[in-house]
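Following are the structures in question.
Consider the two complexes below, in which chain A is the common component and chain B and chain C are the respective partners.
For the complex of A and B:
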C-alpha cells in the first residue's frame, strides 16, 4: 500500500470512528428516560445516580454495543457474499441466510433456551446451522448443469428460499406458543431483541474473531476481483477462497442476526458506501464497511426507539426503507451496463 | 385438444371447486352433514345451532376463500400473459404490497372505515404499486429480463411490507398479525361479500373476453400489433383488471402470494395455451386451491389456526424454485 493510500485510509477510519462516537453519544442520550449529556458523562466516569447507572449500564450500553457489533458483522458478511457471488447486489438478508438463521434461532428458543444456565451461549451455533442449511440449498439450486452460477438467478432463488424458511419459522413458532410466534414475527422485522450483557459477551468475540479471519482473505479477494483465471495464475485456489468467503459470510451474518434480528439490505448498503469512499481494495473496504454497518444499524435502532417512544419501530424497517430503493437503483444501473 | 375436451375439463374443474366448497363447509371444529347444510341454506332456521354456524361462520369464510382464490389466480394469469414472465404473481411482484400498505394506512387513521371505502383505497394502493413496478421496467435502458424484473418486484414487495409493518406497529395494529404477514380469510363477513363477489365475477368475465388478445400478446408484441391489436389499450385494460382483482382480494384477505404463480401453470397443463380457456380454468383452480388450503389451515392443528399464506407458501416456494430453475440466462 502506498503511503498516500495508507494516510487516506487512516483518515477515513478516524473520521468514521468519530462518527461512531457521535452516533454513540446521540444514542446514549435518547430514550424514554431522559439523561443530559453531563449526567451521561458523570455516570460513565463513575459519578452517576443509581437511576442513571441503571439506565445507562443495564439498558442502553449493552443494546448500543449489540447494535454496533451486529451491524459490523452483517456488513462484513455482505461484503464477503458479494465477492463470493461476484454480484454487487448480493445481500445476506435477500439471499435467505437470515431466514435460515431464524430457523435455527426458533429451534433454540423453543427447545433449548431453558436447558442450562448460560444456554444463550449456544445461540450463534444454532443460527449458524440454520444459515448454512439455507446457503447450501441456495448454491445447490442455483447451479446450472454446466456447474456455473448465474448470479441473478442466485438472488431470485435466494428470495424464494428466504420465503420458504420464513414460512417454516412462522409455522414452527405458531405451533409452539403465542409468545414464540410474536417473537418470531418481530424478529423477522429486524427488532434488536438481545439487550443484556450476556448477549454482548457472546456476539462480540464471535464477530471479532470471524471478522479478523475475513480480513486475512482481503488480499486473495482482491485477486478474485480481477478474474478467476487471473487469481488462479497467482497460485491461489479460487475454490478454496470462495468457499471460505461463503463460510465466513454465513458465520458472521447468522451470529449477528440471531441477536439483532432480520436486518435486510444492510449487507448491501454498507459495502457499497465503503466502495464509493475508498474504491475496491478489500483491505480498505472490509474495515470501512464494518464501521459503516455499525453506524447505520445503531442510528436506525436509536431513531426507532426514541422517535417512536410508545411503539418502538424495529431497526430493520428503517434499514429496509433506505436499502430497498438503493437496491432498485443498483439493479437498474447494472442492467444498463450489461 | 378439441373444444369439447376443454368444455369437459372446465365442467370437471367446476365440479371439483364445488366439491371443495361443500367439503370446507361441512368440516371443522364441528362436522356437519350434507343434509344439514342443505336445509340450512334452503330452509334456514335461526334457532338451529348448526344452521347458525354454517350461516354466520362457515359460509362467508368459504365463499371468501373461493373468490379470493379466483381473484388472485386470474390476476396471476393476466400478468403472466402481459409480462410474458412465467414467474410473475401479484404477490411476488409487490402489487399486493401497495394494496396492503393503503389498507394499513386506512386502519391506522380511520379504523371504522366502511368496507366499500377500504376496497377503494386498496385499489388505489394496488394501482400505485403497479405503476411503480412497471415504471422500473421503463426506466431501465434495455430490456429487463424476466429474472431481473422479478427481483425488482420482490424487492419492492419487501420495501412496501417494511413500511406497512412499521405503520402497523406504530399504531398498534398488530392484534391480527397474520393479516399483515400472510393474509387469511378468517375475518370475512357477509357485509364484504356482495361487493367483492360482484367485482371478481365482472373482472373474470371481462378477462375471458380479452382472452384471445392475451393469447396473441403472450406470443410477442410484434405479432400482436401486426394482427391489428391495439396493444396500448390491451395493456391498459388488462392491468386495470389486475388492479381490480388484486385490490379487491387484498381488502378481503390481505396479501396471499404464490396463488397467481402456481395456478396459471396448472391451468395450462389442463387446457393448453389459449387464454380464453386458461382464465376460466385458473378461476376454478384458484378457488379450489384457496378453499382447500384454508380448510387445512383450520383443521390440521385445531383449535389453533395456521395462517393461510404460510400454508400456501409451502406449496408455492418449491413451485417457484422449479420454474426458476428451468429459466434461461439472466
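For the complex of A and C:
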C-alpha cells in the first residue's frame, strides 16, 4: 500500500495545483464587471484596457491572493491545533482563537488604523496578540491538576472564551461608531474585507514564513500521534514540539482571519479531507491541507460575490454551509467508533 | 556492571509522593522484571527510569551521567520504551510505523538513509513481520500488533529496552511467544530488558533479576529464587502462595494462593 500511496501523491499534488489554477481562472473571470477569458488573458500579459487592468489588478487579483493565502493559513493552523489537542475535531474557530484575534483587530481598527501611512502592516501583530491572549486563557483553564489537557473541557472552554471575546469585540465596536460595528459584524460572518495589495504584502510573507516553520514540525507531529510517552522515548521533546505547534497555530490563524474574517470549520475541513486522501503523515497532509484550504476559501468567496452580486454573501457562510454538516458527520462517526 | 541505577529517588505525581527513597541497580545484559500489586508504583518507576516523569529527590544515573541531563534525542539512542497503551495512527502501514524508531538517528524531516532502511528490514524480519510489512497496522491481530511496537523499539537500536506490561492483551500462547522472543533478544543481542509484569510465573520463568515492590518502595530485589518465596510474596501481595518447582524449567512457580489473613 505504501508505494502505491507514494505514487499517487504526485498525482494529488498535480491535481490539486490544477484545481487551484482552475479556481483562480473561475474567480478572476467572475464579478460585477464582466470580462471574457480572452480579455483576462490579454490583461494578464499586459495588453488590457484601462478598465480591465483596474478591475483585474486592483480589485480581483489582490482579493484572490488574500483568499488563497488566508485559506492556506487557516488550514495549516487547524492541522497544528488538531495535533496539539490530539483531537481531529479541533478547529481554531471553535476553540476561540479567532475571537481572540478579532479582539486584537478591533483594537487596531479603533485606535491605530489611521496612525500612520502603512499602519495596516500592523494588523497581523494586533490579531496575534488577541489570539495568543485567548490561547493562553483557554489552555490555562483547560489544564487539569495533573497538567494534562482534557480535550472535551478544552472545546467547552473554547466556546465560552469565544463568546466572551466576541462580546467584548461587539461591545467595543458598538461604543465606538456605527462604522466599526458594521465592520465587526461582517467580520464575524467571515467576510474577506482585506482587498488591497498592502494586505497581500503583509499576509503573504506572514503565512509563508510560519507555514514553512510549521513544516519543520511535520515529522515530530507524526510521532506524537502514537502518544506522548512513546513520542518522548523515541526522541521527541514533546513539550517543545507541542508548544511550538500551538504558537504557530495562533500565529497562522490570527494573521489569516484578521484579513479574511471569521472563517470557522475550514481548519477542520481541509486537514480532514487531506487525511482522507493521503493518510496520516503530516509531511504530506500539511501541504495538502494548505492547498485544499486555499481552494475552499477562494471558491466560497467567488461564489458569494459573483452569484449574489447586489448583496454579496460572506465566504464564511459558504464554508460553514459545507463545514457545519461535515463536523456533525464526523462527530457522529467518532461517537460510533468509540 | 550497572549502567542504570536509581539512588534514593523520590517521584511525585500531582504532589502525591509515589516513590520514596527508592534504591535500585539494574544488572546489564539481563532480563529484570518489576512485580507488585496495583498502584504500588511499578509503572511510575518505569516512567522515572525513562525520563517521562521527573524525580524530585535523589539521582538516576545512566552510564554514570544524571538521567535528567540527557537530551531527549540522545536518550532515545540509549533506551527504548514500550508503554502500556499506544495509539495507532489511522491507515499507517507496519513499515511506516517501524520507521518511526529511526527518529533519534535522523534529521528533522525523517528522510530514511540506506542504513536506516537496512535496520528497519532487520527489525521487521526479527519480529517476523515480513509478510505484513505493507499492511496497515489496524488490520493486524493483537499479537502481531504488539510485535510491530517491539519492532519500532528495536529500530531505535538501543541497548536497553523497557516494557510496561507487554503481555496484557495477549493469550497464553502469544504471551509465551513474546517472552521467548525477548529472551532470545537478550541472549543473542545482549540487550538489557526491564519490564513490568503481572504474571508471576512468566516473570519467574524468564527473568534473571526480579524486583518486588509495594507502596512505592522495593521490598526485595534479587534472583528469582530470592524473590519468589512465600514470605516475600506475603509481604508484597498479602497472599499465602504455594511455591513449587516448574517441571519444564526448574524455576520457582506459584501453584496457587489465597488471601493472607
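Note that the second predicted complex is superposed on the first by the 331 of 338 C-alpha atoms of A that agree within 3 Å, B and C clash if a C-alpha of one lies under 4 Å from a C-alpha of the other, contacts with A are read in each partner's own complex, and residues count from 1 in each chain.
One rule holds in what follows: a contact is a pair of C-beta atoms (placed from the backbone, for glycine too) under 8 Å apart; a residue touches a chain by one contact, two chains touch by 3 or more.
Being a predicted model, the structure only gives us computed values, none of them experimental.
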Margin query: For A:237 in the superposed arrangement: first (chain B), second (chain C), both or neither?
Written below: second
Next item on the list: Could you say whether A:177 touches chain B, chain C, both of them, or neither, answering first, second, both or neither?
Entry: neither
Note to self: Applying the document's definition of touch, where does A:313 land relative to chain B and chain C: first, second, both, or neither?
What the structure shows: first
Notebook entry, point to check: In the superposed arrangement, which partner chain does A:283 touch: chain B (first), chain C (second), both, or neither?
Noted result: second
Check: First (chain B), second (chain C), both or neither: which does A:161 touch?
Finding: first
Notebook entry, point to check: More residues of chain A are touched by which chain, chain B or chain C?
Noted result: B
Next item on the list: Tell me which partner A:36 touches in the superposition: chain B (first), chain C (second), both or neither.
Entry: neither
Margin query: Just to be sure I read the superposition right, which of the two partners does A:275 touch: chain B = first, chain C = second, or both, or neither?
Written below: second
Margin query: After the superposition on A, what does A:222 contact: first (chain B), second (chain C), both or neither?
Written below: second
Item checked: chain B and chain C contact sites that coincide on chain A, given as residue numbers -> none
Check: If you look only at chain B, which of its residues touch chain A in the complex?
Finding: 87, 136, 139-142, 144-145, 147-148, 150-152, 154-156, 158-159, 162-163, 165-166, 169-172, 177, 181-182, 257, 301, 304, 306-307, 310, 313-314, 316-318, 320-321, 324-325, 327, 329-330
Note to self: Quick check on the complex: what are the chain A residues that touch chain B?
What the structure shows: 89, 94, 141, 150, 152-153, 155-157, 159-161, 163-164, 166-167, 170-171, 174-175, 181-182, 185, 189, 264, 308, 311-314, 316-317, 320-321, 324-325, 327-328, 331-332, 335-336, 338
Notebook entry, point to check: If you look only at chain C, which of its residues touch chain A in the complex?
Noted result: 13-14, 47, 50-52, 72-73, 75-77, 79-81, 83, 85-93, 95-97, 100-101, 103-104, 108-110, 134-136, 152, 156, 162
Checklist line | Residues on chain A engaged by chain C in the complex (per definition of touch) | finding: 1-3, 145-146, 216, 218-220, 222-223, 225-227, 229-230, 232-237, 275, 279-281, 283
